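What follows is chain A paired twice: with chain B in the first complex and chain C in the second.
== the complex of A and B ==
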């Protein structure tokens, strides 16, 4: 068992583990709704929408988290406007917005002669460079996400099954849709430093999707996703330590691998997702 | 929330089983990994790039355990740290890094190790830096006072700069590890100066007015300044290999190459060979591969510099 614990005798790796687990918990809770509502593509778009914001923030010398938040808000407003107004399939317009934001990020960075390799850092994060301050921000954000998700669990769930009935039950579908997008954005914004905008999407989708194969009630799905995510973070760090692999990418690879293993051994019985009756 | 009656126990078991499976898999995979070699009593120096690793080995010989993080030939701008790297950095007696954002993928991990008291020697703090010469630099000149972004990090391309920083490096090593580095440091410095004269002789085979080069990214500035080359432009006009070429800049570069009669494009692993070849085709130039961060098999930094110079000069003379 030595090989599994030895990496964490190092306080630096303990902090990386803690940061990864915090991201994993927040992403699992939010990701459960994302998976249930079929918002994976929107989640991906939001994760990449922050890229130009971060790039601009780095160029202007302001905090990259503020830039990420600005980028995320622009993306959120865009996604909301699209889903409300267009007669086109939402996917098409959101896809264009997503590619546009990604391209804008690269264009901004390409204008700077001194933008040393930051694109890699934005996309893949730097779990091993997490500071104590980052950890505090992460912990507060995770708490906040849990709180909002807890308060809005019922409308979110109704929304994922029958938006009309949610409205009838006194939960305006539009408002809760925006709250959900905001939750995804906040999760992405506080997580990109640890795992990057490309990989945070994996953490958002993979563990909840794995949990959805087995869990039939929402709280259980969230709990299971959080546990799977945390164990994956730990296993990924062990593998990264043992084989000298890039830390963030290894963690997400483990989470995705777990999903496909679970999919292979899973024997579908009834409905694959939580159901609400009455 | 009412749910369809199911046996929740079986789900708990499924998730637990999955986690246990994951644990076993990780244990199995990690267990057969390379078990770290036994404890090394020698002081431990971690260098980021192969070039720095070679230089520090020249100074300490086999009296310290020198570890190089980045694989030979890897693009230092893109390297991502592993958990082991982070741990090694923190346990090192001394970290040797280039600085100026060259190691952007691991700079946070290095900063954390520094926070925890690992001494770090940053090469670019100990040499005379060269500013980047870009037209747009002027616009931002006021606001990058503390941001070293406008200085060129590729200092190892000038062996004299390396020779100049060797005494500082040697005393840092002595301070942190107690190894007496003075004799080897002197010898290394002398060898690097001899190397520079040798390289200059090779460069002089081509008249200075014909030493015109186009490079992959802005990596050859110090080399050019030392040996009298003129860099006409770069395929990716950025100190980072992660910049991207713009169509207008490429067209301008092509016109410039024709006007200046530059017919050698030196690329590195990170440059898009397709873009370079297309440019070469239009400007009637040839493309060569420059080993700017790849130490030849079994060779040293000095061998790399010799290979680089012979290749560049050979291409210039052939054209």
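== the complex of A and C ==
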């Protein structure tokens, strides 16, 4: 059993565990709505949108979280503008925006002296480099995300069934969609340090998607996702300590593996009903 | 009786009018059936009354205000394209969403809310499915859940866009009874339908074909000429009742429409 607990005698790993669990909770709650609404692609785009912001912050020597936030806001405005303008073919434009932001991030980073070190850290995270200050920011952000998600749970649920129904019910779909994008952005901004901008998507989607296979109620889905996420963080850290693997990537790998195992052993209660077509 | 929905020379549509010159008065405690082919403007009228689409001309008022001004008192069920994969929601949770417009963001559900949900589940005959997950249901069962959601709201104006689509015969009967029950309660119920039988049993009918062909009580609005103008179908007169539309391509029977085409 020692092998499972020994790594955490090191304060560095204890802080990494705490950071991973905090981020996992926020990502599970926000990710549940992302999965429900089929916003996975938008979530992925938002995750990559933060890259040039972080790169610029590193180059300018300001806090990378502020840079990430700035990049995230730009991406959010872009995604919102695109979805308003093109109702159906938004995927193409969002995809291009996301690749453009990724390229811009790499271009900015290439100006830096320690290019490959910086880009690796940004893309894949630096969980063991997390400071006390980062932890405080993550705790506050997680609290904020839970609060806003709790207050907006009803409009978010209506949105996931039918945006028009939400609007008619007195919860304008456009407004709550933007709030949801903002929550995704905040989650990405506080998570990238742990697992990096490339992998944060896994943290956002894999645990809620795993939980969605079995949960029959939303609170159950969110709770199960948070537990899956926390256990994955712990397992990932143990594995990475034991076998000298990249911490963030190992965590995400565990989460994704759990999803596919769950998908393989999942038996739907009833076969999908035949579609009525006229 | 006060008028729940009032349209006076109204035009509805997007950049161009889909239907114009709509004049109708739907009193509280009465029903209006919108009938017409796909693309005839039924959904556009309902969307306008729901406040989803601004009217492009004339006067439109819902509960003495502009459309969309009274979310707690107006229920709307659009034509759904439900997402199959996830949604871990029980039937009861989905029906309970009908109470959200009254409860707002944070209002705590009370006894009356739970009772309204139970009542709606019963009306649509889905009480036995209450604890099932939405994704385990068939398309027709889901449609009943969405209609039950609107019923649970206990709204004063209920807008239903083809509520009978995908429903089997017994569910259609339940739907008809549920609409009648809401009308008795004092609600104005406006619904789009392809079923002449449903249209005939409502208080008023509007026959649409990109324009208002006729409007008023079924006895006058569903005249032979109006139906020919509205549907362009071959008609046969049966001795035991009014006109029955026959699709020229089909040899027998009632024109039972399962069309899930584009929103009109």
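Here is the rule we use: the second predicted complex is superposed on the first by the 262 of 278 C-alpha atoms of A that agree within 3 Å, B and C clash if a C-alpha of one lies under 4 Å from a C-alpha of the other, contacts with A are read in each partner's own complex, and residues count from 1 in each chain.
The rule is short, and it goes like this: a residue touches a chain if its C-beta (ideal position, glycine included) is under 8 Å from a C-beta of that chain, and two chains touch if they have at least 3 such contacts.
The structure presented is a predicted model; accordingly, all values stated were derived computationally and were not measured.
Participant: Where does A:226 make contact in the superposed view: on chain B (first), on chain C (second), on both, or on neither?
Facilitator: Touch partners of A:226: none, neither chain B nor chain C.
Participant: Which partner does A:161 contact after superposing on A: first (chain B), second (chain C), both, neither?
Facilitator: second
Participant: Pick one for A:10: touches chain B only (first), chain C only (second), both, or neither.
Facilitator: Once the two structures are laid over each other on A, A:10 reaches chain B alone.
Participant: Quick one: classify A:169 as touching chain B (first), chain C (second), both or neither.
Facilitator: second
Participant: Chain A residues in contact: does chain B have more, or chain C?
Facilitator: The larger set of chain A residues in touch belongs to B.
Participant: Is A:254 touching anything from chain B or chain C once the two structures are fitted on A? First, second, both or neither.
Facilitator: first
Participant: Once the shared chain is lined up, is A:151 touching chain B (first), chain C (second), both, or neither of them?
Facilitator: In the superposition, A:151 touches chain C alone.
Participant: Answer with first, second, both or neither: which of chain B and chain C does A:109 touch in the superposed model?
Facilitator: So A:109 only meets chain B here.
Participant: Applying the document's definition of touch, where does A:126 land relative to chain B and chain C: first, second, both, or neither?
Facilitator: First partner only, chain B.
Participant: Of the partners chain B and chain C, which touch A:69 in the superposed model: first, second, both, neither?
Facilitator: neither
Participant: In the superposed view, which residues of chain A touch chain B and also chain C?
Facilitator: 154, 157, 211, 215-218, 220, 270, 274-278
Participant: Going by the contact rule set out above, which residues of chain A touch chain B in the complex?
Facilitator: By the definition above, chain A touches chain B via 1, 3-4, 7, 10-13, 16, 61, 106, 109-121, 124, 126, 128-131, 154, 157, 210-211, 214-218, 220, 224, 227-228, 231-232, 234-235, 237-250, 254, 258, 261-262, 270-271, 274-278.
Participant: Would you tell me which residues of chain A are touching chain C in their complex?
Facilitator: 35-36, 38, 151-152, 154-155, 157-158, 160-162, 164-165, 167-171, 209, 211-212, 215-218, 220-221, 268-270, 272-278
Participant: Once bound in the complex, which stretches of chain C touch chain A?
Facilitator: Residues 47, 50-52, 68, 71-72, 74-78, 80, 82-90, 93-94, 97, 100-101, 103-106, 133, 136-141, 165-166, 257-261.
Participant: Which chain B residues qualify as touching chain A in the complex?
Facilitator: 1-4, 6, 8, 11-12, 14-15, 18-19, 21-23, 25-27, 29-31, 33-34, 77-78, 80-87, 90-91, 100-102, 104-109, 111-113, 115-116, 132, 134, 136-137, 143-144, 147, 149-150, 153, 218, 237-244, 246
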